[in-house]
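Take a look at the structures below.
Each of the next two complexes has subunit A plus one other chain: subunit B in the first, subunit C in the second.
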Partner chain A sequence: MADPMAMPGPGSPTMEVAPAWAVAAVALLGALVVVAALLDGILASRASGGPGRTMSGLARPFGEAARLMRQRRRTTVQADTVLWRIGGAGLLVTAALMVTVVPLGDWTVFDLDVGVMWFNAMDVMVWALVWLAGWGANSAHALVGGYRFLAHGLGYELPLMFALVAPAIAAESLNVGRVAAAQEGLWFVVWMPVAFLVYLLGVAAFSVWGPFAPALGSDVAGGVRAELSGVDRLLFETGRYALLAAGAAFAVPMFLGGGAGPLLPGWAWVLVKTLAVLTVLVWLRRRLPAFRPDTFMEVGWMVLLPAVLVQDLLVAVIAVWRS
Partner chain B sequence: MVIDIAFWALGLVAVLSGAAVFYVDSMARATYALALSFVAVGLQVLFLQQNYVGVVTILMMVMEMAVMAVYMVMFMGMNPALMPMSMVHGNRTAVVVAVTTFLVLAAGILMVDWPARRGSPPADVTMALGESLMGPKMLVMAVVSPVMVATIVAGVVLAARRTRYDRFGDDLSRRPADDPQPGGVGR
Partner chain C sequence: MEMAPGGIPLAEGGPDRDGLEMDVLTVRLGPVLPHWPAGLVLHCSLQGDVVGSARAELLDATGDLQNAADGPARRLDRVASVLALAGWDDAAGEARRVRDAILDGGPEPTDAMLARLRRKVCRSWVLRRSLRGLRPLDEDDIDHHGLPVSAVGDSYDRLTRMLDRAVVAGDPPGHESGPAISTDHLAHLVTGLDLATARLVVAGLDVHDLRAGQVEHEVAHG
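Up next is the complex of A and B:
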């Protein structure tokens, strides 16, 4: 038996660190989750108006976490508990698996030669997990929420996949470190803006965030999380923030030049850029109207998919012309 | 040693969750048992250093099972998909066919003279696999894929009950179209 998973071989721009550093990667992801939750808490307080709201906004995520940890777990009749728990807890695991391929400056936990595909496979896992979280409770509203997510999924997933294709074509590699290294001088976001925007939309979508939140809508009693309570709900919500953070982190090597930047070291620039993208994503939550699940597929296939395919064609022509 | 154990453990997961598809009594569990089986196979493929093939297997199969969950509610009348139900039918025939197939394949494995390895594997085994599968037939492959897509589109068009006259009226002038399910871009 050969060693599993041949690494990208000599000349890889990133250095794989010892597996134990995965703990540090997860801790960093956790820190980003806390920042995103704090930011969302402040924005929520400000939206509700009144003076001196910022402080109560800062306390909001911690208060909510403490409340959920003490809350008694709700049970439903004939729930499919195994699938329900897998669905609820899986989002966080998926987000952690996503960040393993994201290089922090020069270091990466898992220097896979097909890292871009790995990220893509993980974001498809969210399809299964959100639906399972909706299915498991044996509750009509939760199941409706699960199907709303899949309806969005049919619209956003293909544009997201083709948005990830553009940087890979330009870098002639599926290794995330090489994609980052290929942006020396000119970041991909500058000459593939359509792919970048569609990617951000995809991140919001697989985090069930902002315009893609009808799966959790109050019109279906909370949708997927209608029956989620206590720690299960806390895990589900943390998982959503973690997916948002992982998506923001992956945008950095794909579109924003990785660790490139003046003065600061590479790892610091990766964190700064990740925080910037994450802030925009959190802020957008209250700025965009919801996409209706029943009509979004046509938007995805008639508008986003052709737009991103034209982007891919342009990138491919430029890549051929340059070589 | 650790690698061998991991490889065989994944194989065991793949076979057992594959068997679970027929043992469980819920469509959702059967669907995702099959997904787990494919994920285990995809991870095994990573051990063969076919990283691209392994990751794509995981990606496609999980997505396929999620889409299957859509269809099982769309097309199964009375929604038995949402109730406990048996995952097997035609038991006796199925068991006979399965056992016979297993015996034939196992006999084949044991009786064939396996060739010894000549040379050593190339640096990029994924590319070597692609070239040996498709290399001389690339033109055929490139032609087949648009033909397949055209066949799917034509099949859907022929199967659809509603035509453009139902949507746009007899003189094709009605705007927006009269659809039972309106789309998102207002065609």
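Up next is the complex of A and C:
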């Protein structure tokens, strides 16, 4: 079997668009962020009490954004300002870099031969960013939040990497467009469901979302974001939603057949599928208690990692047998 | 030589559990914290996020806590605290709603709401996993620490018991409040745990009443 890394660039099924279109990609990401925030606002207000709360839920993200934009920036004594700001603002940048390799139907901003690795590199960068956001404030609570994120990271990162390996093996390519094209007829989610589920968990984890939110826990005054205020906090929260949205978007070419689907054009299908995955991720937060950071590594290494390795093995055997 | 950039002394190293050295941060928890017994102050030495040693004190210990005739409502408050600390905001919100319904009166619907909450909590395997084995206490520990009998078991047992006892509405206030928990013992209970589990353990103890300890000594891990 050919080494996927050795696959040449030309002949990729997707077309690279002019770099200026990156602005459109970011705008699209922004729209997904707004949708995710609205959805979370509605679900939160529905959970907090009876009927008729949907409208207040819809207003919630905008009200919160307006509040944060007017809030004065709080500083702490001897904060490591540069690193702190890098950590706070970096999540949004990382999410934007992630979506550059996600093909929207036939177009992609950045038709990289190793797009899957690119995405993986970006999600590893989140480790540094969240840790720096916790470290930079020079606050014990924020620091504890940073520790908690790293503890989760040790548990989720390897399973996530191996979950990304499965579609790449099956497609014999690390080019995201080719992985999407390789699902002609049968989506990868159908025959690698374990990898898909582990991938979704990984997305929630690097977005510090839902069961992976103890790093931002109320028991440590908001953890990593304890001292973030005003625009810094708005950027951090937006970055989390953006990571969630980017993770959902990347699931589409990796597991859900890319732009494949009846009637609608490819780009529309990508958006529909992205929204579906994003909805599931947002909703997940309501359903699950947190995974404790100090015990999650056990789950990650004793359950998720073996499961996803077996999945990889199965996929590899099938890929060899087919070729 | 002690350095104090910005007026804050640098953290000093101290022996850690693994035999290595790690910075010690002095952090005060309380007296006012969400999901925390009112007035309790825990002076902790943190290494990373592990409570290396702790000293508990009680502010405004004369406060009259016994006029709380609403046993089930208070218990649901604590249930909500544990659930919120376990990172399950939805269930915590539901517990608070049941509490409000109980305080408003009207006995019939609250029973059904409580039963639903209990089912929801007991069905969650993630919650069970995160609370099982947290600070297990047997009868001897209970005697030793002067805790109520209902504190036997781990945090999960204590949570389900709190729910059960909230269901049995209308038991006379003070009937099973037992002896007040001394702050000295509380410090013992959280030493050696990390911050998150320490908070879960404190919230999960059915603390009716805290009593300032006679000896405000420091409790060190080990």
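Brief remarks follow.
One rule holds for everything that comes next: the second predicted complex is superposed on the first by the 315 of 323 C-alpha atoms of A that agree within 3 Å, B and C clash if a C-alpha of one lies under 4 Å from a C-alpha of the other, contacts with A are read in each partner's own complex, and residues count from 1 in each chain.
Basically, a residue touches a chain if its C-beta (ideal position, glycine included) is under 8 Å from a C-beta of that chain, and two chains touch if they have at least 3 such contacts.
Here the structure is a predicted model, which is why all the values come from computation and not from measurement.
When the two structures are aligned on the shared chain, A:Asp113 is found in touch with subunit B, with no touch to subunit C. In the superposition on chain A, A:Pro211 makes contact with subunit C only, while subunit B stays out of contact range.
In the superposition on chain A, contact is made by A:Tyr147 with both subunit B and subunit C. Touch criterion met: A:Leu83 reaches subunit B, while subunit C stays clear of it. More residues of subunit A lie in contact with B than with the other chain of the pair subunit B and subunit C.
By the touch criterion defined above, A:Arg286 lies against subunit C but remains apart from subunit B after alignment on the C-alpha atoms of chain A. Legend: residue contacts after superposition of the two complexes on their common chain; A:Ile169 is shown touching neither subunit B nor subunit C.
When the two complexes are overlaid on their common chain A, residue A:Met302 makes contact with subunit B while staying clear of subunit C.
Of the two partner chains, subunit B is the only one touched by A:Leu132; subunit C is not. In the superposed pair of complexes, A:Val220 makes contact with subunit C only, with no contact to subunit B. Put simply, subunit A uses residues 143, 147, 291-292, 294-295 to touch subunit B in one complex and subunit C in the other.
On the side of subunit B, the complex with subunit A involves touching residues 3-4, 6-7, 26, 28-29, 32, 35, 46-49, 51-52, 55-56, 58-59, 62-63, 65-67, 69-70, 73, 82, 121, 123, 125, 181-185, 187.
If you check the complex, the residues on subunit A that touch subunit C are 44, 47-49, 77-78, 140-141, 143-144, 147-148, 211, 213-214, 217-220, 286-295. Residues 5-8, 25, 27, 34-35, 46, 48-49, 83-91, 93-94, 97, 124, 126-127, 129-130, 194-197, 199 of subunit C touch subunit A in their complex.
Contact residues on subunit A toward subunit B in their complex (touch as defined above): 1-6, 9, 80, 82-83, 112-114, 117-118, 120-121, 124-125, 127-128, 131-132, 135, 143, 147, 150, 153-154, 157, 174, 291-292, 294-299, 302-303.
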